[in-house]
Amino acid sequence: MLVAAALALAFPFMVNAYWLSVGVLAMFYAIVAASWALLAGYAGQFSFGHMAFVSLGAYTSGLLVMTFGVPIPFGMVAGVLMCAIVGSGIGFVCLRMRGPYLALFTVAFSEVLRIVIVSENEVTGGSGGLEVTPLFHGRTDAPYYYLGLILLVASLAIMLFLVTSRWGLFFRAIRENEDAAAAAGVKVVRFRILAFAITSSFAGLAGGFYGHYIGILTPDIGSVDQMGLVVAMAVIGGAESIVAAMIGALGLEFLVEALRSYGQWRLVLFGALLLLTMRFARNGLLALAWQQFNAILPLPLRDVVGGKGQLGTGTASSPQPPTARGGGVS
Amino acid sequence: MTNYLLIQALNGLVIGIIYAVIAAGLTVIFSILKIVNFAHGEVYMMGGYFAYFAIALAGIPPLPAVLVAMTLSFALSILVERALLTPLYSPTTERKGDYGILVTFGISIFLRALALIIYGPYPLRPPSFWPGVAVVGDLVMAWDRVFAGGAGIAMLIGLVWFMNRSPWGEALNAVSQSRESAAIVGINDQRFYMLAFGLGGALAGGAGALVGPIYSLSPSMGLLPDTQAFAIVILGGMGSVAGSILAGLMIGVSESMFVALFPDPSRSLTYAQAFSLLILMLVLLIRPTGLFGRTHVAME
Amino acid sequence: MSPLIEACDLTKRFGGIVAVSGLNLAVRHGELVGLIGPNGSGKTTAINMLTGHLAPAGGHIFLRGTRADGHSPSEFAAWRVGRTFQITQLFSRMTVLENMLVPGLARPHSHKVAVTRTARRHLEFLGLAALETLQAKNLSGGQQKLLELGRALMLDPEILFLDEPFAGVNPFLRDRIIELVRTLHADGRTFVIVDHDIEALQRLVQRMVVMSRGEKIADGTVAEVREDQEVLRAYAGV
């Protein structure tokens, strides 16, 4: 853990400008993928509209800053608030929808938002893009990287706090069996809406950060293909573990750039990876790696490592025999 | 003006028939495999391209190319089903619903990205089935559209006949109503899942082939028809082919009228795309069981 | 003494079928009631209405004198009405302990330490203490039934509706369950038990209610109901 932290902090000094920018984007995708994993994998609400909130947060902040001269931090906060409100709205209207219907509705919502942004191009700049004031004016991306890191760590901390609290239990209960959760006294309505509101806020935060980093916003950030990329990141990493999803995002983002010369083949590759992971390693590659790693460890060490590997996980890894540490409950 | 509206309505009818074909395919898949197939639009897209390349590379005339496209779409669908969907039938797979959603979503992403590479991002237009326009009094319609409408109707009739009269179709009906009962009577499950998925894909691919000359092909052309098809299937009552047909026509016509009557012409086309999406959202909100509300494929 | 829970003229329709028709049922604090009837008589539908899972089409439900129909299952749970399901509904991928913690922590003013202690006490009582860290889906059928009972107990329920607790259960477990219910009843909890195992119920309950085709056709002591002609006819399928 400490090694990872040290690496993360020293990163800008270790790489050139190109890879640093990749690192910034990796921070962005990590927040988005982790929050999606929280909503879909952990709380069981398979929403494909997550990128719509990234888009919403980005455009809200961008438009406020460009049109009204609002200072960027306020713009970003406004973006987060907007996403919290709209997210709650979506959570509310989707209350009676489950599984595929929820997925369908959120995809439709996402596309409608994208179409509105494209159509109202006088306001939003449409497909041509909206120029947005960058956060930092300097020659290096290092400030962006550190800000992204801070946002990622803060987001992760909040999400992990959430999942280890009783709210985490309620989310999982709702995911496992909504009727039983209700019979057990869990206020299902409240928590489903909360799940949407909270995760959408994180998406909006990431969106605001993205907008003020890239400097030009296009509707594509809210496209279904972007959603697919995020889904791939989360699932390949491990959709039910926030940490795994985050790592999946980081890994894939770097992979995306490493394979830059292959151009369009990358999305094909990730699509294929996503499908293969779903088919053969449903809990994600990280979980698979942990299992293999655990299996080759000498016996006394196994439980220790296994315990750590479940940080932020929604399930206890089934093949392991019951240990004293048990599942994700603290 | 009324002529204009009438022509728009007729165009809408043709489009509605195409939607109905796509939706019928989706219904067959849903009622047998019990999953919502997010990749359906991409098979539609592939069908369009299959026809195009059949014509361009193999020199097959446009009309038979549609059949080639349907066959290839059938094959593609079966390939996908065997490779990725078999866990849905195994009792050891947990949370099948989630799996279905994620896997078919993943397939749509994959196929769309693949198409982008293989076919390139620029729209392609296959040659017409029948060049020129048909003129009846004051009404004008491209022969391609007329043909598409007619072929679509033929496909739908073929589907209904198949489901009602052929032994395979009746078996599919049985499986859609109850897997367990069908298995007891000796109907082997897995081949029927293959058949259902293939059949649904063939219909989608055929629709794509029909639409190519009218609207031209692009890798992302499957996105909207996908959601439109869902809107139709849900509106028509998931599992009712007749309902899908009716709902398809309704949506096709109303979408055309929406474009025709939209106050701001510069935005009408882009917002037209949102039309069916909004219908879908509305239907999901208000009446998830649709107008006819059935849980298995039933033939009227 | 006014009833703990009361159904007045309760009706429920599904499409064209009347599942429950004009049901009047009052259960007082401390009672142990058995609810029996042939398949399709509306027993589970009645329970679903009495626990908030279904809203009645007609009639009212009074809980401790206040109108309760139309409220959500989680509200009923908060009002200390517990239930188990015909087909066990557990949180499969959560551990046994977590299954118990969910209802415990859903209650207002609950603290993790105290709730965990209570949960472990109940698990001990049910004989599931050793399985605390197992995922619920890895339990045997009987253990799952007991866990579901435990989960309901975490609500500190004043009344418990058990839906077919003896279904598909071996004789040893059946006796266990009867014993557990007796102990809980002696502790002051009220029970309404639906089942087809009339023998088991007869050993356990004081009062028997019989439903047939959505209506209540008998309500009395075990002996009274056993002799009731209408009950015999209903079961004979006449």
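The chains carry the letters A, B and C, assigned in the order they are written, with residues numbered from 1 in each.
As a convention for this text, a contact is a pair of C-beta atoms (placed from the backbone, for glycine too) under 8 Å apart; a residue touches a chain by one contact, two chains touch by 3 or more.
This structure is a prediction, so every number in the text was calculated from the model and none was measured.
Chemist: Measuring centre to centre, with centres taken as mean CA positions, what chain is farthest from subunit B?
Modeler: C
Chemist: Of all the chains, which has the CA centre nearest the overall CA centre?
Modeler: Answer by centroid distance: A.
Chemist: Would you mind pulling out the distance in Å between where the CA atoms of subunit B average out and where those of subunit C do?
Modeler: Chain centroid spacing, subunit B to subunit C, equals 47 Å.
Chemist: Taking each chain's centre as its mean C-alpha position, how far apart are subunit A and subunit B in Å?
Modeler: 32
Chemist: Roughly how far is subunit A from subunit C, going centre to centre by Cα mean, in whole Å?
Modeler: Each chain reduced to its C-alpha mean, subunit A and subunit C end up 41 Å apart.
Chemist: Would you mind listing the residues of subunit C that make contact with two or more other chains?
Modeler: 93 - these are the residues of subunit C that touch more than one other chain.
Chemist: In the complex, go through subunit B and note every residue touching subunit A.
Modeler: Residue list for subunit B touching subunit A: 35-36, 38, 83-84, 87, 97-103, 105-114, 116-117, 223-224, 227, 230, 234, 267, 270-271, 273-274, 277-278, 280-281, 284-285, 288.
Chemist: What residues of subunit A sit close enough to touch subunit C in their complex?
Modeler: Residues 166, 169-170, 172-173, 176-177, 179-189, 314-316, 318, 322-324, 326-327, 329.
Chemist: If we count contacts the way the header does, which residues on subunit A are in touch with subunit B in the complex?
Modeler: 44, 46, 48, 93, 96-97, 99-101, 103-105, 107-109, 111-112, 115-116, 118-119, 224-225, 228, 231-232, 235, 264-265, 267-268, 270-272, 274-275, 278-279, 282
Chemist: Can you list the residues on subunit C that touch subunit A in the complex?
Modeler: Per the stated touch rule, the residues are 51-53, 72-74, 77-78, 82-83, 85, 89-95, 97-98, 101-103, 105-107, 112, 132-135, 138, 151-152, 154-155.
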